[in-house]
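Input: structures, listed below.
Both of the next two complexes hold chain A, though its partner changes from chain B to chain C.
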Partner chain A sequence: MAAAGRERQMSEAGADAPVGSRLTDTVAAYSTRALAGGTTIAALFVLLVAGAIFPDSIAGTLADVLTSRNTLASALRLSVPIAFAALGGIFAEKSGVINIGLEGLLIISAFTAIYVTDLTGGIWIGFVGGVLASTLLAGLFAIVTIEFRADQIIAGLAVWLIALGLAPFASQVIYNGPNTPTVPTPDAISVPVLAELPFFGALFSASPSVYLLFLSVALSWYVFERTAFGRWIRASGENPKALDTAGVSVRGVRYAAVLLSGVLAGMGGSAFSLDLGQFTGNGPTMVNGKGFIAIVAYLFGNYNPVGAFLSTLLFAGLDAIQTVLQLRGIGIPRQLIRITPFVVVIVVLALVGRTQTPEAAGDHYESGEE
Partner chain B sequence: MSAADRARAVLTRLVEASAIERILISTAALVLSILIGTAIVLVAGRMTTCAATDAVYYLGTGFCYDPVVVFDRLFLGALGEPFSGNWSPDGQFAVTLRETTLLVFTGLSVAVAFRAGIFNIGTQGQMVVGAMATAVAVLWASSFVSGALGTVLLIPFGVLVGAVFGGLYGTLPGLLKAYADANEVITTIMLNFIATGVTLYLVSGPFKDPGSAANQTVPLPEFARFPSLLFGSRQDFSLVAFAIGILAIGGLYYVIEHTAFGYDVRTSGIQPEAAEYGGVDAAKTVVASLTLSGALGGVAGAMYVMMILGTFQTGLPSYGFDGITVSILAGNNPLGVGVAALLFGILKSGTTVVQFATDVPPQLVGVLRGLIILFVAMPEFFRLLGRRLSPSGPERNPVATDGGRREGETDE
Partner chain C sequence: MATAVHLEEITKRFPGVVANDDVDLEVERGTVHALLGENGAGKTTLMNVLYGLYEPTSGRVRLDDEVKSFDSPRDAIDAGVGMIHQHFMLVDPMTVTENITLGNEPRKWGGLAVDREAAREAVVELSARYGFDVDPDAPVEDVSVGEQQRVEILKALYRGADVLILDEPTAVLTPQEVEELFGVIEELTAQGKTIIFITHKLGEAMRAADEITVLRDGRNVGTVAADATTREELAELMVGREVLLDVDREPAQAGEVVASAADIVVEDERGVRAVDDVSFEVRAGEILGIAGVDGNGQAPLVEALTGIETPDAGEIRFLDEDVTSASRRERIASGMAYIPEDRQERGLVMDFGLIENALLGSQHSQEFGPGGRIDWPATREHAEAIIDEYDVRPPDPEAGAESLSGGNQQKFIVGREFERDPKLVVASHPTRGVDVGSIEFIHERLLELRRQGVAVLLVSSKLEEVQGLSDRLAVMYEGEFSGVVDPADTTEEELGLLMAGEQPDSVDERIDSGTEQTAAADSTGGEGA
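Right, the complex of A and B next:
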């Protein structure tokens, strides 16, 4: 994103960047998104029709999986960590701090949530513990990038690598293995009547974390669009000097935004591991790239909380489908089906290309007073 | 003064001002990471349980893990007990050099991309692809030759195959970045996952060794592996591979500092706008430097197969991610990569010694890796510290680790 920002800068550095060029950019970005979205919907439609006509073909299997209530349920479940992390990423990046360490925040909170739950016996205490751990790590990231002007990308990578080492390390110390024992999982909350609906019923009979996610998406949208704090965050990322002139501390806003990204990612990580009742720390751990997919999700969602949630649902849906397909078998080897979400991320990124990166994202801002 | 001249002036100033400072910062980062590592070991030692007789006591408090022992084993163990009186190059020291060899290649791979202002996080994936291709290609070719002649022919062939496939896998994110504006941090990370998935499929299906339960290719015959000159074959270390590593350091240093391509790479990394005004083809430079970066990662994979394992197996060690640390620690300088790789080779090799000697989990080194990166990324912290220690110290512009500095914007 720093790179994208740089290229933006280049295109606008020449000859007093006309407002028009920026507008064209926006339109172009929107039309690519619309194109990508439209293609997806059209493909889905064709697939469903084909599936209905030839129920025994691959299309039939796919259509069957797609319309299954279980698919929606697991897509929602898989959305939780990604969408929370994406919301966090939006806050940080909108304020001008690119937080590439979301993956690390997810890992550390996923482990801590299980550890605290195991220690205290309370799922919600564990949840808070996980959020706290993630916020602390985000705080460290904030100090390093805002106070000591560390390169944001490298510091973000460090956050990821620290968590990637620390969580399995702690698990090894405490539980003698990279995986924790299992803890009780929270009960699903069902809305009477609505939960009986054929496909959409999955929306109304889900883990508390799913509802928490709905709430957070709505709240984040509200904060961005309707509150002064939301405007400050945007200004801090687009034009920090103006914000400074207006008497608001850019530093303060950025600290708040990065800490908030820690809280949100922490909610995602905690909910993710608590829903499964265990933390597994082998290899890339159970988080397995979800933090990075979250970044693509909010880029694709154009930094809009609702957009980010919808694109998360797309990626998570793919993940849910591939899991089912691995079990059913459609002639494609399991190991290859497993990589589809990653391939789709690359394709989406290539299609979306240049995003509306906040003008000052990736840059350190020094107030004139110092 | 033309833009190119200006860029050259900026470059010279940056390099001169920063070489010593970078060494100081890297050293300080290392020391600080070890201090924090010590604290982590102590805290972890409180969290686990052990017999009272196994505990060590500091300031009247008992700890299950002794950080002194940990770091003693980590460093002295990795060097093969240099103070024990019967040091032999064929012990753990050979393992250290073996790890160093691989880290030289992954470190150089990351360095060349970072120098061009590209964050190639995909060295791991490029190494996996190179390793897989080498394992399959050399196995196929080994049926045509044998003996010493086979070794002479197959080693360069295997390295070349690794470089080509790793390079192609690096070209992919390069093209995506240059022509579709796709952020390389994300694409390379995704390509790491894809490389793991595809190779897992290949070694569990089409290229699986029917004689083995593990997901691996048929092991290469002995003559298709790096010969263990001088050193015994016990530690899977080859001086030949090490020498190629040294040559690669020198070669890349020459390419970056003294060729037209290197000039394009450096200027693109420091001042992309100036580089373009100066006639550098930005898109071409991106693709070329990522290809070169991938090729070096691929060679690391080839070395892993032909020197260490003798076959391709899923779950390669994380040399690619360690390469990021090595490169950042070295300030992305090829010569520095040599030193940083040795240091990290010691850390990696020492980890196994620590595992034998203590109960401290080996993931500790992973934590140290992250901490080192974090501290090296924040030079300002050490400058503040330095200023506080010597109030008259000169004020300097921070060194950019990020290629994405904007034109006309200063940090002070």
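Right, the complex of A and C next:
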């Protein structure tokens, strides 16, 4: 009987565990992120101080690179495709459809934007063309996963592989080579006075795509935080049945979210190739894994548009610093920088336990099923 | 008083099953109506018809005397019917207010933004009106289950519900929360709302309802006023007793103790003792029956005995060995067969054919799985033997389990388990949802095993079954044995009392007579009377 009593006490103590552990998870998630952020800022501070005192040391070079507006400018440029794709990924996954085909959407829109620009001569027409191509492919993905209940991961891989094959093939047919000819690039837009600022000036003298990205990040945040549609997307990914019984079509919400992910990824892909003026289709194409880094970025940003943008900036910033350092003769292997995002995300996911993945992400939903 | 809800001659058929058979139900406005019945009696199906999730095969739904036809819950909601499901339809990370207003968010700026102040105010005002205690800004995942239930109720009220259906509302609540819920229900009816709540617990129906309708096997077997009925009457209505089985059986030749349980305690996920200090023995060549209204601890007791769950306290012995923490595999190997309560969930793999299903539980045996390689020809022969011996139709070993009728699925499981040459058979509701022919067949087989000297533990909520087959009969109530009796010597009225947790005087003296040496059961029941 004593044993029985002990057992009972133990399980009474554990009775509140679900709520409690979720709370601690949340706290742990925030505090780990805060800790990582704090450590980074402290390290940066030390580095900058050391750099200021010993300008000729490695620390000095690093500090110089870090504070250069060119570094920020190129980080922003590198962020554009990744951040747009990450925003798209957030919309899809929050609604319950995991879209790992973002890479494919970037590739197809990058090619189409150049092709249409080459045909019509209009950069903005090309941009819209790229977005349409990506949306179309996302629409196909939506039909296959929502209508025909295909496995989302496999369908997403298919989207990537289709685009990976289709874009260079189309280029081969049209231009007799995996690379397209070059087209004019859009002019940078400079905000008077602000563009002259040291370092932060890079924010005010950039390609239109960078401004479009700022706008999209803000709008996405607004949609999720303030609109009914944003709530429906969240509910659709967390507990579709709750949304369904509340009288909102889960199918409709998921279609809209996946199409939106196509639009956003398309904007990223189009802006990426148009800013460079060319599509190069060798090997993994010019997109080269940016769609996958986008997934990492939004996971690291915990499905928050602003968080996803900041983590993109971090990854892109590392890449930019690496490039500059190569030029200055401090060689950090490029491959090492390339894998950083993936290492970071594995460490974060392992330490934090889990990012707050939508409960029903990856599950099919059929109205009226028990 | 006016009739708020009137279901007329509702029949709902699913392929092969009649879930509701010509059910009539009338509920007065401003009252609480309990829908009482065992699992599978058709309560939830009936309410899903009212809520527009199912279309009835025939019959009509009237609200305030007006015939309605609902294509979806949306229509039902618009007509003022709200349903609070057993599993809450809430979005965990969203706040209480966000959940309540989901799908009907107040808007501002021409619909571009949710008017969060207005939403919050609506929730505060609504919960104040009904005296609910909820925090509008808390994420749902951080509030108690009782509060989540109030959020569900508020959600229905926010949508303008006049009739509220609560599906097993107390199943997930602690006793204190149950009291709070009953308070909420009183407040709601005082303000003119009509409540229908589904339950299989007699006490709750009597405590909270004005009227009680009992469903059994999909039929309405009686509607009574809560203050004019007794627990015994309700228990009898629920379990039924019209068919008294005519079982030929010779007296038991009880032999050695095959299995025994001592002071078993199983706690559910809320920490409540679902099985509270139960002890018993089963001997070779006897059938020990366990009767009782569903949900009084029979299922967790069986799970502890068969090794699906480990008891929180106590000891289980099988063939003179302590098997308390032995795995299912070890128990199967040593001769414990098990006919599970839910054959489609636990007894069969529905997507598999009968050959694969015949293998289940024997995949490690020398006979069918020597050296980790499955001997399919032998398995096929085994499946054919079961089909032949136990009259499974259609007699096709390749047939998918899902293509068989319920009765034939059950006969197949019974065959598979009995062919293991068990020392003990644990049969949990072996004839639930099975046609009459198959019932007789299964009963005969159980008696045949008994003749062969196998120990049988038979759990059933069908009184005539446990009474007709058992040599000794234990009655379970709220996790305890409220009595162990000689079934031949006990009336249904007495069993009814025991099932309701009361101790009939006449039984006390008889408990020990004839069962003296075997009835080690702890019969300290009698609470809740």
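Definition applied: the second predicted complex is superposed on the first by the 328 of 370 C-alpha atoms of A that agree within 3 Å, B and C clash if a C-alpha of one lies under 4 Å from a C-alpha of the other, contacts with A are read in each partner's own complex, and residues count from 1 in each chain.
The rule is short, and it goes like this: contacts are C-beta pairs under 8 Å (C-beta built on N, C-alpha and C of every residue); 3 or more make two chains touch, one makes a residue touch a chain.
Just so it is clear, the model here is predicted, and its values are computed rather than measured.
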{"item": "First, second, both or neither for A:Glu238, with chain B first and chain C second", "value": "second"}
{"item": "Which superposed partner A:Glu359 touches (first chain B, second chain C, both, neither)", "value": "second"}
{"item": "Partner chain(s) touched by A:Ala246 [first = chain B, second = chain C, both, neither]", "value": "second"}
{"item": "More chain A residues in contact - chain B or chain C", "value": "B"}
{"item": "First, second, both or neither for A:Arg226, with chain B first and chain C second", "value": "second"}
{"item": "Shared contact residues on chain A - chain B and chain C", "value": "1, 3-4, 7"}
{"item": "Interfacial residue positions of chain B with respect to chain A in the complex", "value": "40, 44, 47-48, 117-119, 121, 176-177, 180-187, 189-191, 193-194, 197-198, 200-201, 204-205, 272-273, 276, 315, 321, 324-325, 328, 361, 363-371, 373-374, 376-378, 380-381, 384, 398, 400-404, 406-407, 409, 411-412"}
{"item": "In the complex with chain B, residue positions of chain A that touch it", "value": "1-7, 9-10, 13, 100, 144, 148-155, 157-166, 168-170, 172-174, 178, 283, 288-289, 292, 295-296, 299, 333, 335-336, 338-339, 342-343, 345-346, 349-351, 353-354, 362-364, 366"}
{"item": "Touching residues on chain C, where the partner in the complex is chain A", "value": "53, 72-74, 77, 85, 89-94, 98-99, 102-105, 107, 111-114, 116, 141-142, 144, 155, 263, 265, 267, 269-271, 273, 277, 312-314"}
{"item": "Contact set on chain A toward chain C in their complex", "value": "1, 3-4, 7-8, 11-12, 14-15, 19, 22-23, 226-228, 231-232, 234-235, 238-239, 241-243, 245-248, 356, 359, 368"}
